[in-house]
Structures are given as structure tokens and as C-alpha cells.
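Worksheet: one structure, shown below.
To keep things simple, chains are lettered A, B, C and D as they appear, and every chain counts its residues starting from 1.
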Amino acid sequence: MNPVNYLYLAALLFTIGATGVLIRRNAIVVFMCVELMLNACNLALVAFSRMHGNLDGQIIAFFTMVVAAAEVVVGLAIIVSLFRSRHSASVDDASLMKL
Amino acid sequence: MENLIALLVAAPLLGAAVLLCGGRRLDAVGHVIGTVLAAVSFVIGAILFADMLGKDEEHRAIAQHLFSWIPVEGFQADVAFQLDQLSMTFVLLITGVGSLIHLYSIGYMEHDERRRRFFGYLNLFLAAMLLLVLADNYLLLYVGWEGVGLASYLLIGFWQHKPSAATAAKKAFLVNRVGDMGLSIAIMLMFTTFGTFAFGPVLESTGETSEGTLTAIGLMLLLAACGKSAQVPLQSWLGDAMEGPTPVSALIHAATMVTAGVYLIVRSGEIFNAAPDAQLATTVVGAVTLLFGAIVGCAKDDIKKALAGSTMSQIGYMILAAGLGPIGYVFAIMHLVTHGFFKAGLFLGAGSVMHGMNDEVDMRKYGGLRKYMPVTFVTFGLGYLAIIGFPGLSGFFSKDKIIEAAFAKGGTEGWILGSVALLGAAITAYYMTRVMLLTFFGEERWRNQPTASPADPSVEPAAEHQGAHAEPHPHESPRSMTIPMIVLAFGSVFAGAFFGIGDRFMHWLEPVTEHAHGHPPIGATTVTLSTVAVMVIGVGAAYLQYGRRPVPVVAPRGSLLTRAARRDLLQDDFNHVVLVRGGEHLTRSLVYVDHTLVDGVVNGTAASMGGFSGRLRKLQNGYARSYAVSMFGGAAILIAATLLMRAV
Amino acid sequence: MSFPLLTATAALPALGAIATAAVPAARRTAAKWLALLVSLATLVLALVVLVRFDPDGDRYQLTESHAWIKDFGVRYELGVDGIAVALIALTALLIPFVILAGWHDADPLETKSSRWRPTQGFFALILGVEAMVIISFEATDVFLFYIFFEAMLIPMYFLIGGFGDRAHAGSDEHAAAQRSYAAVKFLLYNLVGGLIMLAAVIGLYVVAGNFSLQEIAEARANGSLDMATNTERWLFLGFFFAFAVKAPLWPLHTWLPNAMGEATAPVAVLITAVVDKVGTFAMLRFCLQLFPEASKWATPVILVLALISIIYGALLAVGQRDIKRLVAYASISHFGFIIMGIFAMTSQGQSGATLYMVNHGISTAALMLVAGFLISRRGSRLIADYGGVQKVAPVLAGTFLMGSLATLSLPGLAPFVSEFLVLVGTFSRYPAIGIIATFGIVLAALYTLVLYQRTMTGPVKAEVSAMPDLRVRELVVVTPLIALLIFLGVYPKPITDIVNPAVKQTMSDVQKKDPQPEVEAAK
Amino acid sequence: MSAAAVHSLWTMAADPIDKIDAPKIEYGQLSPTLIVIGAAIVGILVEAFVPRKSRYYVQVFMSVVALAAAFAAVVGLAAGGYGTTKAGIAAMGAIAVDGPALFLQGTILLAGLLGVFTFAERRLDPVAHGNRVDSFAAQAASVPGSDSEKAAVKAGFTTTEVFPLLLFAIGGMLIFPSANDLLTLFIALEVFSLPLYLLCAVARRKRIMSQEAAVKYFLLGAFASAFTLFGIALLYGYAGSVSYATIAQVVDGTIETVNPALAGTMGNDALLLIGAAMVVMGLLFKVGAVPFHMWTPDVYQGAPTPVTGFMAAATKVAAFGALLRLLYVVLPGLRWDWRPVMMAVAIVTMLGGAIVAITQTDIKRLLAYSSIAHAGFILAGVIATTPDGVSSVLFYLGAYSFVTIGAFAVVTLVRDAGGEATHLSKWAGLGRRSPLVAAVFAVFLLAFAGIPLTSGFAGKFAVFKAAAEGGAGALVVVGVISSAIAAFFYIRVIVLMFFSEPRPEGPTVAVPSPLTMAAIGVGVAVTLVLGVAPQYFLDLAGQAGVFVR
């Protein structure tokens, strides 16, 4: 199958993720959407890696996963603390600071 | 000898400086210092005169260069004096009459606690006036020109606590400024035309430039003259100027300063000779003012204002003469001098009357004063005869000559000007007789009726113990006041004859103003006779109106003309409506414009910026997702733009 | 390496400012005396400069030149020509009077927290301004000039906003608001001007590659540096705009009345007599030298604006109810004359303009300071609140009159000389403009005399009946100024001698010749 | 991690393995980064093993020492000529050690040092239960206002983890501008972002806002880095490598050995342009350029002020460093594509920041918007695309970071019952109450406004000059206009402080410990020195103005 299709898929996933970030209220979901975007990137990297026949892309993909994991740690910590202090995980509720 | 010229100016200047900066400790001796220094200046003048007479006509003019005043690339203004016959005439007049009036003021201002300052101002005036007539270039003349303006401003407003006085002073200065504008423009024109504004070079090289330029310069000089000499249309200030102490009116607003315009025109003779249009304008101004002043003089009940009108009209004669060119210059100056004598005399007389009448100025409240103040009566009477041109007295000689010259101008102009001058003579006779009768003859209208006018502060203490409503006790003035009057009376009697007979004065001035004999179409004798005739008519008319019938204390409503004349023929109202009111509206609206428009634009931009900011910051609505939207959109735009850049 | 006289002249007040600011709160009087002494010492230095300057010598003298910011092509270059010398002398001369006049203006009203030291601040700021003004007169490096041209706004800003009239002391909320509005307006106007100039300065660097006035001017003269016409015009406009705001020229003038109205009289003098002069001076030195062609190109417009300033300023002065605002508008009118003289591009005009800067400084100082004394007595700036002062305080009235007469440029007083020179200079090239401008002298008489009449003459108002006459300190301030006015009116030669060569130089920079008199032209 | 190395490993798999040659690491040249990260790791251990009472002192001491040492190392390297002559690529192509890198690392380290000082400040808040407290939550985990929080406060807990976090962030920032391939760039980005997210969340006062700031920063930051990563993927797809040098060569078409597999994608400029745009966007997010700026005000306001100060200064420095390297090393070939776009961004950033700031009422938000406007000014220098441009940007960053840290440090001093009094109305009459503090803050504001004799002016002049010479005159005009607008609100604050009457219930100015004093003092000193005699530093930046390829 033409590797290019993987790129299209990656782009699609990335867009879905981005859209999710834009439309979903729940912080956790938003965050998951971000993760989705990262994984879209991974897909693209791997696809390119295959096309170019060198390993860099795959290596980077691994790094990305690690980074994603780290982000989860930090992110969940923050989101949880927010949730505990306001009993809601809606990003729209967190709008004290504006203008 | 040359070096004396500077002293001439320096003496009174020193006086002014000392008196004005000296402070109270000089109060006791101030008037003495002032008078002495004025006299010193007169003596110096006399010495120089004697020296000048010693020389032959060609070499009489002397000059003194003090220092270079404003040295700038291509622009040379010096402080330098020139003393020729013309200047000398003025020097003697100014210092002579000036000294007399200093003397007179000692008595007149006796009760004023600010007498020292008064003498300071008088000295300042003398200095400025001498500077004016001694300057050897127009710019220095300009300094004197405005200097006398300042002095007159200070003296008119001497009793500053009187709003009327302060206003009159301001008015005088402002109207004069308009004239000064003319003078400065004239000087600028000279500079651009001749590259200099020293009398010598300018007047010699008049031939080298176009008549148009010269006309322009001439008209500008005329404007200046109108301001200083209270000629129509800038005459309005002189009447109000009578707010000043009477000696001031006598010295500045009768004898000397107001005649500076005549000096300016005669001095600039060559320019006018080469610019007939300017000359014509001058004669017209003179003629108009001559009538204007005379008519106003007839209507005024305030003795000083009546005399002021007469001054205006007499100077009208001089300007008229000066406008006639070489045939008139000499007579203009001659009339100027004689007028200096008799008009000063008249004013001092008026002052002396007021002095005896608790400063009452309304002639309708005088009457029959001749037996209470004989000296004043006699001197005033002589001055009166002189001004109406009673044969043999000085006025007769000078005025008659001017009328001749006016006719001699020839053509219709000549006829018109001449007849106007004649008419003026008649009216002069009329209103002066009126003054005379109202003041010294008739029944004593000042008895048992209150003195209306507020007592002059200088005699406040007196006024108090008399009570505000006490009836005045007319009395002769002190010696220090009568002596000057007597001296001036002599002048007004004999000066004319002395000058006129054998054309002494003409020969004296000729080298400076070069004289041309004018031949009136109707012989000189006819003119003389008609002059006398109209004079008699004028006197007669006045006698019929004021000598035979009792004079009402309260002025009758009078004819339309009379009422208009009482209001200076309404031109003051015109000024008020057009200039004052209009000006106020203009400035007020400008203030508004400055605040709303000019300032508004800036504040407006600031405000709109703020509003824009306020709207813009609404985007920062606190919702993380909308921030994400802007980022997403931004990214999209960024990518699109980048691709676009490549596409184009 | 000779003694850096110019640096010293600027550095002395700067150091003095720091020292004054450092004086402890309690020792207020000490701070005042320190400031006064420093300003006097500066005056001495300025006089030394005046003496050391040789009118017939090089164009720029007492020059100093040190590397400063190589990367910006900036050097620390000082040097004075006649015009600068005259203005430095003026500045150094006025500051002591300003300090003396403002002796009590900054005394704290109520005892604030011990760290609040208004008095020290006031005098330190004044000295700071003096230092900056002097160095911007001395700078022959565009960038160096620009730096201080901008920086002097800050101390001025604090002087205007921080210290009001005793009449409207801090307690009054409204007055405080007015004051800070005026201060902000002053700062923003000048800052915007300065920033636009900054763009032009950068542009100049891009074109010329360095900032040395002399190098650029020479390069322009000998054609080795030619700018595209448009570039030159844009740069010129950038520079001129800033100077026109500072000067101020209609329609950029509206900050001046507010600033002068709200500031104390000494500060007002500082603004109009000292700081604003930098603007006109800079037109003469930078606009004409760096952009001769553009200057000539812009002349008609500028002359018309100057003309408007003259008439407009005078008319508005007539319409004012507030003494200080009146003087402010009068100043606008006078600045119109100065700018007109500069751009008439005739020797008389430019000598006149330079002379005008000096004379206007002295005369406005005299008038404004006396007005300040008057206001401090009655506690009101409204003309209507006065009347008959002449009777109770004759000396005050007399000095006030002298100031007024100087303002209406009466012959015999200094301003007349300069004003007439400007008029003649303008007239000889642009007769119409010259004539219209002459109307200014009538209007000047109008507003000054109206002011004098309303405040000083007439019946004595109850509120002023107990008004004391001038005190010794105040006399010490006014008398020398008036004496100077008279002296320079009778004998301006000392200044013209210094100025003329510089003017000749400028004229040659713009390659302009004076118009020949008709008669000689005919020959 | 260079592509080549990995590749060889993979291909050799078939052959019998005799030895694996270890990658070559120039520890000396990497020492600054290594020191900091090492110290951070040790810091974690400290948290684990050192008794609570003494942690604070150990952490502060260690952080200061580490940063000082790292700075010394940077100076050493620079002195050793690694900035100029010996500049080169280290760590097998992953890290560039050259002028800009060292200059920026130095700046970041100094900023970090001052940051540590402000972090360590414990005199400002009133003593709680006999313990001096800093501006960080007693126990970030506990719910605001809950009993556990009270207990934590009572027990005198302090979040000393902030110091290791700070060190990690600094470590990431040190790598960021010197990253020489996209992978390193991405990792560095995350390494300094994640700790910052956390630091934002741990304020002692106004914790809700603090957490909100953290959430916003985190989500948006992650969002942005996702874009960056996708951009990286595309660039990799375009060039078949993530190494700057290789990509640059591919862009210029000067690459020597063309792998036939690459030929397909290499031609495809869409990949290149989109990829580049997305990577750049990630960086623009970090520098807070419009329209990616919206996190800035909220985060700056919510985060603990010391963190804000550090973030505002150091993040900008690091991000601009990376941006410069990306644009000058990787994409010079694309200059004509990105320049106009960046110009537009610069213009909207300058104007947007300045205009919105006019109506701000909170001092921290105000400074946030001003930092946006300044990002615009710096972009003007970036766009110059001349060596002068680089050095002007370096200089500006240096000058700006000190002013910023100083300014925020002053903000920490003005306090009332509710902690820092950041609402502008509370600052009224500060100049009357405590002239010194007000004067210092005025100096910083004037520097922001770019008044002559302050570093702000020198920097602004430098970048505008560079821009003008680089042919971006329009930017200069817009720049001065927005400076004028900006001046307005800086002056507003000064007016407020000096010309309006103090409120009776106004805030008090806390007397700080020598730490904050040092931070502020250094800020003022640098501001004035760079304003009056900037030549030396300009030279420094000038020498550092060349990137190694």
C-alpha cells in the first residue's frame, strides 16, 4: 500500500485531535486529544522513516512516546489538583483570569 | 559741539532713571531734579542753537555717531544723531515748552503723593521725544517714536486707580501701535529697497527706485503719522487721552508728541515729493481731520476734550500743509511751533481753571471766571486770539500761510483743500469763542449746585474737608503755574510775527526742507482777507449762541450732528462694535477651537485608541479553548501565508 | 588633551543634582543652597566658555571627541558654535534665577513620611534638566543630542507633574488631576515627536553610516554623500516634527498652555525659556545643516505654520483668563517668530531668531517669575481675581510692567531688536508674510496691556489690599533680568558678534544668499 | 543523536558484531548543561533524603552553586574561543556550541541565578506559625483552603521541589537555543516546558488562579508542541533527516549524496513550507507572538510572581535563540518565503501588545502585554537576517531579561493582606509612600518604554537599526508608533505611583532579604550600564553573532 496514505491518515488524526482540543470541555478529554495529535505525529514519522529507509523517524517516535508519558505525568497532576480544588474538570470553568 | 547732542538726550534720561529707580527717599526733591534736568537740556539746546546760528546755512547740520547698535550681516543700525535746523526747531520747542510745563506741574501736582514718579515719566518723555527728533535713521527714530508712546501711556494712565484712565492709556498705546506697524513696515520696505534706513542714504537715493515703492513707503509713513498725530482714521485715542493730568495734555497731547507725525512727513519730504499719490492721501487725511476735529470741538462740554478736538484739527492743518509738498513744509512746521505755544498755553489755562474749580471739567458749570482768575483769563484769552488767527498774533501768520498754500496747490484739489481750510478756520473761531464765553463770561453757573465729577485724588484731603458737595471757590493758581502760562502767552502773541515777517522761519528751514513759493490762484491778499472774514463770522455765530443767551447747565439734547459730534462722530462706537466686540468674539471662538479641534484631535485619537484596546481585549475571554482556536487559526494563516508567498 | 570645559559645564550640574538629591530630608535649606551654588558655579563655567570662544575662529570650538558606542557609529562629540554658546550662557544664566524664584515652591506642605523629600527632588530635577539641556546644546553628534533631547523629558515631566502652585497644593484633588494630565500630555507629545525622530535618526544612520554632524554636513556639502530627494525629505520631516513639537509650532502646541499653566512659575520658565529652546536650536543646527535641500523644500509650509502660530497664539493669549496660560500662548506666538526667522533663510532672520531665543528666554523669565510672585501672594491664577495691585505693591507692578513691555517688544528693550531683525529678514524674502506677521506686534500690545490693566490698575480689590510688595529675594531675581533686558536692548552687539559668524556658516550650508536691496540690484 | 550513527547501527545488524563504538560526546563543551541537569537530579535526591528543615538551604545553596559553576563554564568556553574560532558541533551533531549558543546560555544562567534569588525570598510573606515562608504553596498537592493545607502550613512545609524544577527548566533552556537537530529541539522544548507548567501551579496565595494558569499553560503548551512535532515530522519527511545542516543543504539543493529514496519527497516543497511554518509556530508560541500570545497574560498573572519573572525572561531568551538558529541555519534558503510572513507577525505583535496593554488594570497582566510588544520588537531584529540582526537580538534579549526579572521582583514587594497587591489602583501614590521602590520601578518602566540612557533604548535602537539596514524600514516605523502607544501605559503607571494621592488602605512595601535586593539591584545596575555604556556588551553580542553550520 502506498505509504503516502499513512501520511494522509496521520494528517487526519492530527486534525481530529486538534478539533477535539477546540471543542471538548473536559480537561482530560482535551488532553487526550493532544495525545492523539502526538500519536498522529508518530505515525507520520514512522511512515516517513519507512519511505526514506532510515531509522531516524522511528527513533524520534520512541522519544515522542517518552515525552508524551512525561506530559501525562505533569498534566494529570495539574488537572487533578485543579479538579480537586474546583470539583470540575471543565476547562471553561477555569476562566477567572480574562481580559 | 557734536558731543553735546547726546547730552541733550542724556540729561532727561538720567532724570527718568534716577526718579523712577530712586524710590521714596527722593519724593521730597523729585520734582526739583526733574525740572532742573529738563532745564539743563533746554540750556544745552540753546547753546547748540547759538552755535548753529554762528555757522553759515550749508554747514549748520551736525551729526554725532555714538555706537553701532545692531550689527548683523547686511544690516547696519547705529545709535547716531543728526542735528539740523529742523531738529533744532523741535529741540527748542520740546525742551522749552517741556521745561515750562515741568515748572507748572510742580504746583499742579503738589498734592499728589506720586509726584516724583510723574516727573520721572515727564523726563522719560522728553528723552524719548528728543531721541525721536535727533535720530539720524528711521530705526532709532522708531525707538523714540515708541518711547514717547510709552511715556504718553504711562502719563495718560497716571491715575491708574481710575478705570477710565487705565483704559484710555491702553487705548492710546494700542491705536499708536497700529501706526507703529506702518512705520516698521515702511522701515522694512526701505531696507529691502535701499539696503539701509539712515536718513541720508535713503532720502538721497529716492530717485533710483520706482514711484510705486516710494508711494508704498509714503503711505506707510502716513499711517504712522496718523497714529501718533491722531489723524483720521486713528484719531480716536486723543479725546480719551485727556484722562491724563492737564500738564500732560498740554505737553504731550498738544505741543509736542502729537506733532511727531508732522515731523516724520516733513523729514521724509523727498519720499513724498517723489510719490504724488502719497502726498494726495496726506492732504486728504489732513483736510478730513481738520474738519473732524473742529466739529467735535464744537460739541464737547468738557473743556479739555474741546481743546483736544481743536488740537486734532490744528494738526490737521499741519498734515495738510505737509502733504502739499515743498510749498507747505515750512508752514507746517511753523504752524506746529506757534500751535505749540498757544495750545500749550490754552491747556495750562484750562488746567489752572480746573485747579481752581475742584477739577470740574464741564464748561457748562463754569462761567464768569474772569474776575476770579485774571491771569489765567488774560493768558488764555491771548492764546484764544492766537488760535483763531486774530490778525497779528502768531496763529494768524502760520494758519493763513497754510490756507494760501492749500489754494496754491492748484487745480480742483487746490480749491477743495483751500476752502476746507477756510471752513476749518471759521469753525475754529466758533468753538474757541464758545469755550472762551462758557468759561470766563456769562453768569456764574457754578454757584449753589454740587460738583458732580469725582474729586481728583491728588486733592482728596481738600475735597474731604470741603465735603463732596461743597461749591467751588475759584481762585488764581500759584506763581509756579502762572509763570509758564505768561511765558507761553508771550510766545503765542509774538512768535508768529517773529517768524512770519520777512520769512525768517522760511530761510531758517529752507536748507533742510527746500521751500517752493506757491501762488494761490486768487491773490494772497484775498486769501488773507477771507481768512479774517470767516474768522469774524465764526466768532459772531458763537457770540450769538452763547454770549447773548443764558447757557443751560445741563446740555440740551441738541441736533443730530451735535449728538454725533459729542460721541466723536460715532467712529468710537464703530470701533467698539467692529473691533472690540468682533475681536472678543473672534478670540472666544478661537479659544473654543483650540480646545475642541486642535486639542480634540489628539485627545480623540487617544480616546479611540483606548476604545479599540477595550474592544480588542474582549478577545482575551479567559477560555483556554478560544485561545486554542486563535492558535489554530494563526497556524492555519501562517501555513497558508507561507504557501502563498511561494505561490506568488 | 586640554581641560574638557564643555563636559565640565554639563557634568557640574549633573553631579550637583545627584548631590542635592542625596541631602537628607531634614536639611532642606542646605539642599536649596547647594543647588543655588552649583547653578552659579555652572554659570561661571558657562561664562568661561563664552570668553574662551573666539567668534572668528573655527566653526566648532572647545571640541571634545571620544569613542562611545562604536556599533552605532556614535561618538561622544562636543563642540560649540556661536549660537550654542549664546544659548548655553542663557541657560546657565536663567537657572540660578529659577532656583531662587522657586525657593519655597517645593517646601513640603505637611510633614510626610521622612523618606519623602520633595524639596531635594525639586532642585535636583532642575539641575538635572540644566545638565541635559546644556549637553544637548553642546552635542555635535546626532545620536548624543537625541539621547539627551529625549532624556530631558523625564525630569521635566516630574517637575511639571510633581510640583504645583502653592495656590493649588497637593491637597486639592482636582488640581492634582489637572497637573498630572498636563504632565502626561507634555510627555506624550514630546515622546511621540522623539520617537518619530528616532525613526529618522536610524534612517540617517542607514544613509550616512555615522552620526557625526560635522562629517555628515561636510559630506553633504562636498557631495560625497547624496541622499535621494525623497529620503532626505522624509528624514527632514522626522527631525523637524520632533523639534516642532518641542518648540512648539502650531498645531502641535496644545501641550504648552497646560504644562505652563499647571507647573509652578519657575518650572514654566524652565519649559519655555530653556527646554523649548532646544527645539528651535535643533532646527537651526540639525535640520538646516543635515537636510539643506529638504529644508528649502519645506520652507513655505513651515513659514505659513509659523505665521499661524504668531497670530493664533497672540489671539488666544488675548482670550485667556489665566495669567500663566496667557503667557504660554504669548510664548507660542514668539516661537512662531523664532521659527519664521530661522526658515526665512536670511542673515537678519537667523541672527534675529538666535537673538530672539535669548531675549525671549530673559523676557519671559522676567514676566513669568513676577507673575509667579503675584500668584503666590493671592493664590489664584485667574486674572479676574486681581485688580489695583499697582496701588498696594508698586514695585511688583513696575517690574511686571517691564516684563510686559519686553513681551510686547518695546524698542529699547532686548526683544525688539530680535523681533525686528526677524521681521526684516522675513520681509526681505517673503514680503507678504513679513507684513502679516507685523500684525503680531499690535496683538502683543493688546494682550500684555490688557493683562496689566486688569491685574494692576483700577480700584484695589479687597483680596489684594493686604498684598506685600516684592521681597528682597524676589527683587534679586527680577532686577538683574530687567537690567539685562535694557542692556541687550541698547547694546546687543556682544551677542550678535558671537552669533553672526555661525549664521554666516548656516547660510552657506543651505547655499542661500541674502536678497540684494532693489537699488543696488539695479546698479 | 545524529541520523548517520543510527543508520550505521541498523545496517550493520546483519554482520557479526565485534564492537559497538560509543557515540563521541564533548563533555567539556556540554559542561554548562550537564552541570545544571546534574544539579537538578541531585536536587531530586535531596528532596528524597535530606531532612525537611534543611532542604531549603541545601537546595538554594546547590542551585546557586550549580548555576554559578555553569556560568563559569560558559565564560570559560567563550574565553576558550568556542564562541568564535573553535565554534563547532558537539554530541555527534546534536548540539551546536557557538557564539549565539554561549551568549544565550550565559544570559539564561544569569537570569536563572536571579530567578533562584527571587524563588528563595522568604521575608515578604508574614511569618506563619513561626516559619518564614516563600511564595510557594506549603503543599502543592493539598486542596486550597482545606484542612490538609492548613496542617501543611502549620507543619511549616515548603515546596522545595521548585529548585530542582527550576534547574531542569534551565537545563532545557540551555539546550534549546543550541539544539542542532529537530529532535533535540523538541526534547529541549519539553524539558523546559514541563517544569514550568508545574512551577506555575504552586503559588502560595491565590492558588486557584495559579492552578488555572498552570492548566491553561499546560494544555496550550502541549497543543503547541504537538504542532511543532508535526512540523518536525514533515521536515523530516522532506529532508530525510532532522539535522539542521542536512536540512539546510537539502533546502539549498547543495546536498552531495542524494539517497534515491529521498528524491521523491525532496522536491516536495509543500512538506518543507508547511513543516517549517508549524515548527516556527511552536516557537512563536513560546515567545508569545500574536496570535499565539493569548496564554501569556493569564499565565503571567496566575503564576507565582518569581516564576513569572523567570519565565518572562528566560523563556523568551531560549525561544528566540532557537528561532534565530532555525531561521538562520535551517531556513536561510527560504528567506523570501518566511520573511514577509514574519514581518506581518512582528507588526501585529508590536501593535497588538501595545494597544491591549493600554486598558490593563493588573500590573502583572500589564507587564505580560508589554512582554508581547517586546517580542514584536525583537522579531523586528530577527527579520533583519543580517549578522547585525543576530547580535542586536542577542543584545536586546540580554538587556530585556534583566529588566523583566527586576520589574517582577519589585512587584513581589508591594503587598497587602491578600498577598501581592497587583491591581494598579493599589499602586496609587506608591512614590509618596516609598520613593525608592517607586523610583526603581520607574527606572524599569522607562527601560521598557525605551527612554534613552536605559538598556531598553539601546536594545530598541539596535534592533530597529538592524531592521532598517536589513531593508525592513516599515517595521521601524510601526515599531516607533507602537513604542509611542506603549509609552502611554508605562507612563500611566508612573503617574499613578508619583502624582496620585496614596490610598489610606493602600498596600505596604515589604522590606526584602538581600536575595531579592540583589535581584533588583543587579537589574537596575544592568539597565543603567547597558543604557549608558553598552559598547562592551554590543561587542560581545557582535562577536557572538555568527552561527555555526
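Some points to look at:
We adopt the following convention: contacts are C-beta pairs under 8 Å (C-beta built on N, C-alpha and C of every residue); 3 or more make two chains touch, one makes a residue touch a chain.
Each chain and its UniProt protein: A = NADH-quinone oxidoreductase subunit K.
From a predicted model like this one, the values you see are computed outputs, not experimental measurements.
Steps from chain A to chain B, minimised over paths through touching chains, total 1. Chains that touch both chain B and chain C are the following: D.
Think of the whole protein's Cα atoms as having one middle point; the chain whose own Cα middle lies nearest to it is C.
Summarising the inter-chain layout, the chain whose CA centre lies farthest from the centre of chain A is B. Centre-to-centre spacing of chain C and chain D amounts to 45 Å, using the average Cα coordinate of each chain. Distance from the chain B centre to the chain D centre is 81 Å, each centre being the mean of its Cα atoms.
Averaged C-alpha coordinates give centres for chain A and chain D that are 24 Å from one another.
Chain A and chain C have Cα centroids separated by 65 Å. With touch defined as above, residues shared between interfaces to two or more other chains in chain A number as follows: 18, 21, 30, 91, 94-98. For chain B, residues that reach two or more other chains under the stated contact definition are 606, 617, 620, 622, 624, 628.
Those residues of chain D in touch with two or more other chains are numbered 215-216, 219, 223, 227, 297-298, 488.
Contacting chain pairs in the structure are A-B, A-D, B-C, B-D, C-D.
On the side of chain C, the complex with chain D involves touching residues 67-72, 112-113, 115-117, 146-148, 150-151, 153-154, 157-158, 161-162, 170, 173, 176, 179-180, 183-184, 187-188, 191-192, 195-196, 198-199, 202-203, 205-206.
Those residues of chain D lying in contact with chain C across their complex are 391, 432-436, 446, 449, 451-453, 457-458, 461-462, 464-465, 468-469, 473, 476-477, 479-481, 483-484, 487-488, 491-492, 495, 498-501, 533-535, 538-539, 542. By the touch rule above, chain A contacts chain D in their complex via residues 7, 10, 14, 17-18, 21, 27, 30-31, 34, 37-38, 40-41, 44-45, 47-49, 51-57, 59-60, 63-64, 67, 70-71, 74-75, 77-79, 81-82, 84-86, 91, 94-98.
By the touch rule above, chain A contacts chain B in their complex via residues 18, 21-23, 25, 30, 91-92, 94-99. The residues of chain B lying in touch with chain A in their complex are 617-618, 620-625, 628-629, 632.
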